[in-house]
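In what follows, chain A forms one complex with chain B and a second complex with chain C.
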Partner chain A sequence: MERIPILQMGEFLLVTIQVDMHDRLAMALQDDLTNRISKTSARGVLIDISSLEIVDSFIGRILGTIATMSQILDAQTVVVGMQPAVAITLVELGLSLPKIRTALNVEKGMELLRASVGRRSKESGNGRAKR
Partner chain B sequence: MAVQKDEVMSVTSSADIVLVRQIVRKWSVELGFSLIDQTKIVTAASELARNMVDYGGGGKLRLEALSEGIRRGLRLTFEDTGPGIPDIDLALKDGYTTGNGLGLGLSGSKRLMNEFEIYSRVGEGTRIAITKWR
Partner chain C sequence: MSLNGKTTIPEILKKYQAELLTDWLKEQAAAGIRRDNFIKETELRQQCSEFLSLLTNATQSGNLSDIFAPEWSQVREMLTSISNSRTRQGFTPRDIALFVFSFKRPLFDHLRKEFAHNGEVLADEIWSATDLLDKLGLLTTEIYQKNREELIARQQEEMLELSTPVVKLWEGILALPLIGTLDSARTQIVMESLLQMIVETSSQVVIIDITGVPTVDTLVAQHLLKTVAAARLMGTDCIISGIRPQIAQTIVHLGVDLSDVTTKAKLGDAFLVALSRSGFKISRSEGEF
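For the complex of A and B:
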C-alpha cells in the first residue's frame, strides 16, 4: 500500500502531506508516526498540511490522535501551513482541534518545536539540580 | 428553479470519497464559487459521502447545477438504502455519534451549506440534499 513518507531531522520528524489522503492512508500515517516516534525517541513532529485543500472531521480526528499519541510518547506535534479557507471551514464545521499546536509555516513550526523542547529540557535540568 | 446539468456517481469505498471531493471541487469551480465556498462545499460533501460509506452501506451522489433567476447553485443529494437514522434530531446534534467519530458530519455540513434537507426511514435508507447558492 501507498504510504506518506516521514523524514527525520535530528530529534524531529517531518511529514509533508502532498496528496488528498483517503481514509486508510491517513490511518496508516497515524500508525507509522506513532511507531517512528517510539523507535527514534523523537522529541517533536512537524506536519505540513499546506497542500491540503480540505480538512474534514476524519482528517481532523487523525491529526488530534497523532498529537495525543506523540504527547504520551513525550514528543510535541505542530501542524503548519493550514490554508485560510481550510481554517475558516474547520471553525464552521465545529472542529476546534484544541490539542493541536499550529504555526504559519515550516520555519515558524521548527522554531516553536525547538523552543518548547529546549524549555522542557531546561525544566527537567533544574529539577535535577534541586536534588 | 431549473436544473442545468446533472450527474450521478456511486459511492461505496474510501477511494470513492476522494473521487467525490474531486468532482465536487470541479463543479464548484465551474459554477464560479469563491475559494472559501468551494472549500465549504467539498468539506460538507466529504462528510456526507463518508457517512454513506460508513453507516449507509454505500450509496449514490447526484450533483445538480441549478439556476433560479440570476442566481446559480449546486445541489448535492446523497442517497443510500442502508439502515436509516432512527432519531434525526439526535443525529443532528453536535457530538452525537454511534461510531467512533466526532459527531460533526451532519451538523457541520448543515452549517457549511445554505440548505439542508434530510429524509430517513429505518430499514429503508437515508437521503440528504445540501445546496449552496451564489
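For the complex of A and C:
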C-alpha cells in the first residue's frame, strides 16, 4: 500500500502530500504521523498540502484531527499551501478548522513553527528558573 | 361563406389588402402612438405593408389559432425585429403592442361590411380575428420583456466585474474595498479573486474595508466571516475595517460574533496594524512644510 512520506528536519517533521488523498491513505497518515511524533519526540509538524486539489468533508476532517492529535503529542502543527479552491470548499463544508494554524507556503510555515517552538521553550525555561 | 366553420379572414385579408393598409395607418396615427422622429412615415408604411403581406400569407394555411406553428415563423420573425428595434428606440410596451392591436378596427370594419346580413358568422369571425391579433400583440410584449431581462442580466454581470477589486497596499498587505450589497454570488467572486491574489502576491495580511457596504445583516456578516475563514485557511490574517457606528450597533444587535476577527473603525488604523504585524514601522522625518 502506498504511504505518504514523513521527513525529519531537526526537531520538525515535514509531511508533503503529493498525491490525491483517499480515505485509507489519510487514515494511514494519521497512524504513521502519531507514531513518528512519539518516536522522534518532534516539536513541530509541517503539513504541506499545496498539491492537494480536491478535498471532501472526510479529508477535511482528517486534516483537522491529524493537527489536533499532533498538538496533543506536544508538536506544534502548521498546515501550509492550501489552494484557494480547497479553502473555499472547506469553508462551504463548514470546516473552517479554527484550531489549526496555517501559513501561505513552506517557508512561512517554517518561520511560524520556529517562532512558536522558540517562544514555548523560552516560556518553559522561565518556568523552571522560577522554581 | 363560412357557415361550415371555415374562416374567411384569409380571403378578406387578400382581397382588401390595400384598403386595410390605408385604414391601419390612419388608425395608428389616431391611436396616438408616439412616433415623433423615431420612425419616418415611409418606414412605418413599409413595415406595415410587409407585416400585412406576411400575415396574409400565414393565414392562407387556415391555421388562425396557433401562432407558434411553422407557417407563422416569418410573422414571428418580423414582429421580433420590429419589437427589438422599437425597444432600442425607447418605445413603451404599450406603443409596441398597439402596432398590432390597432389593426383590429380596420379588419373588423371589413368583416362587418362582408357579413352585414349574418350576425352569427360575424361574431364568429370577429372572435377568431381578435384571438389571433391578441396573441400577436402579446408576443410583442413578451419579446419586449425578454429584451429587458437580457439587459438587466448583462448589467448585473458588468456590475459584478466592476465592483470587486483587490488592491495591493504594501509588500504582503492586500486591501479589499467592498462597495454595495454582498449577496452569495458576489461573495463567491470576491472570495475567489481575493484568494487568487493572496497566492499571487503571497500576502500575509488582508484588510477588508466595508465602508461602502450600505447594510450588514446576518447573511452579509456570514459571507464576511466565510471570506475571513477561507483566507485564514490559506495562512493569511484578515482585518475588517470601515465599520460605521450604525453597522457596529446592528452587528451587536444581530448577535453576530466577530470576536475572532480583528476589527478597526478606519482603513488607516487597519493599515497601521497590518504594517506593524509585517514588521514595518512608520516614523516621521523632518517635514517639508
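Rule of thumb we're sticking to: the second predicted complex is superposed on the first by the 131 of 131 C-alpha atoms of A that agree within 3 Å, B and C clash if a C-alpha of one lies under 4 Å from a C-alpha of the other, contacts with A are read in each partner's own complex, and residues count from 1 in each chain.
Here is the rule we go by: a contact is a pair of C-beta atoms (placed from the backbone, for glycine too) under 8 Å apart; a residue touches a chain by one contact, two chains touch by 3 or more.
None of these values were measured; they are calculated from a predicted model.
Enquirer: Which term applies to chain B and chain C once both are placed on chain A by superposition, clash or fit?
Expert: Chain B and chain C fit side by side in the superposed model.
Enquirer: Given Cα centres, how many degrees, to the nearest 10, is the angle at chain A formed with chain B and chain C?
Expert: 40
Enquirer: Using the touch definition from the top, say if A:Leu97 reaches chain B (first), chain C (second), both or neither.
Expert: second
Enquirer: Which holds for A:Ile4: it touches chain B only (first), chain C only (second), both, or neither?
Expert: neither
Enquirer: Just chain B (first), just chain C (second), both, or neither: which does A:Asp20 touch?
Expert: first
Enquirer: Which partner does A:Gly109 contact after superposing on A: first (chain B), second (chain C), both, neither?
Expert: Second partner only.
Enquirer: For A:Met82, using the defined touch cut-off, is the partner it touches chain B, chain C, both, or neither? Pick first, second, both or neither.
Expert: second
Enquirer: If you stack the two complexes on chain A, which partner ends up touching A:Ser57: first (chain B), second (chain C), both, or neither?
Expert: The answer is first: A:Ser57 touches chain B but not chain C.
Enquirer: If you've got the overlay open, could you tell me the nearest Cα approach between chain B and chain C in whole angstrom?
Expert: Minimum C-alpha separation, chain B to chain C: 7 Å.
Enquirer: Which residues of chain A are in contact with chain B in one complex and with chain C in the other?
Expert: 83, 86, 88, 92
Enquirer: In their complex, what parts of chain A are in touch with chain C?
Expert: 79-80, 82-84, 86-88, 90-92, 96-98, 102-105, 108-109
Enquirer: Which positions of chain C touch chain A when the two form their complex?
Expert: Of all residues in chain C, those touching chain A are 188, 191-192, 195-196, 198-199, 202-204, 226, 229-236, 260.
Enquirer: Show me the residue ranges of chain A that touch chain B in the complex, using the header's touch definition.
Expert: Within the complex, chain A touches chain B at residues 20, 22-24, 53-58, 60-61, 83, 85-86, 88-89, 92-95.
Enquirer: Given the complex with chain A, which residues does chain B contribute to the contact?
Expert: Within the complex, chain B touches chain A at residues 14-15, 17-18, 21-22, 25, 35-36, 38-40, 42-43, 46-47, 50, 94, 101-102, 104-105, 107-109, 111-112.
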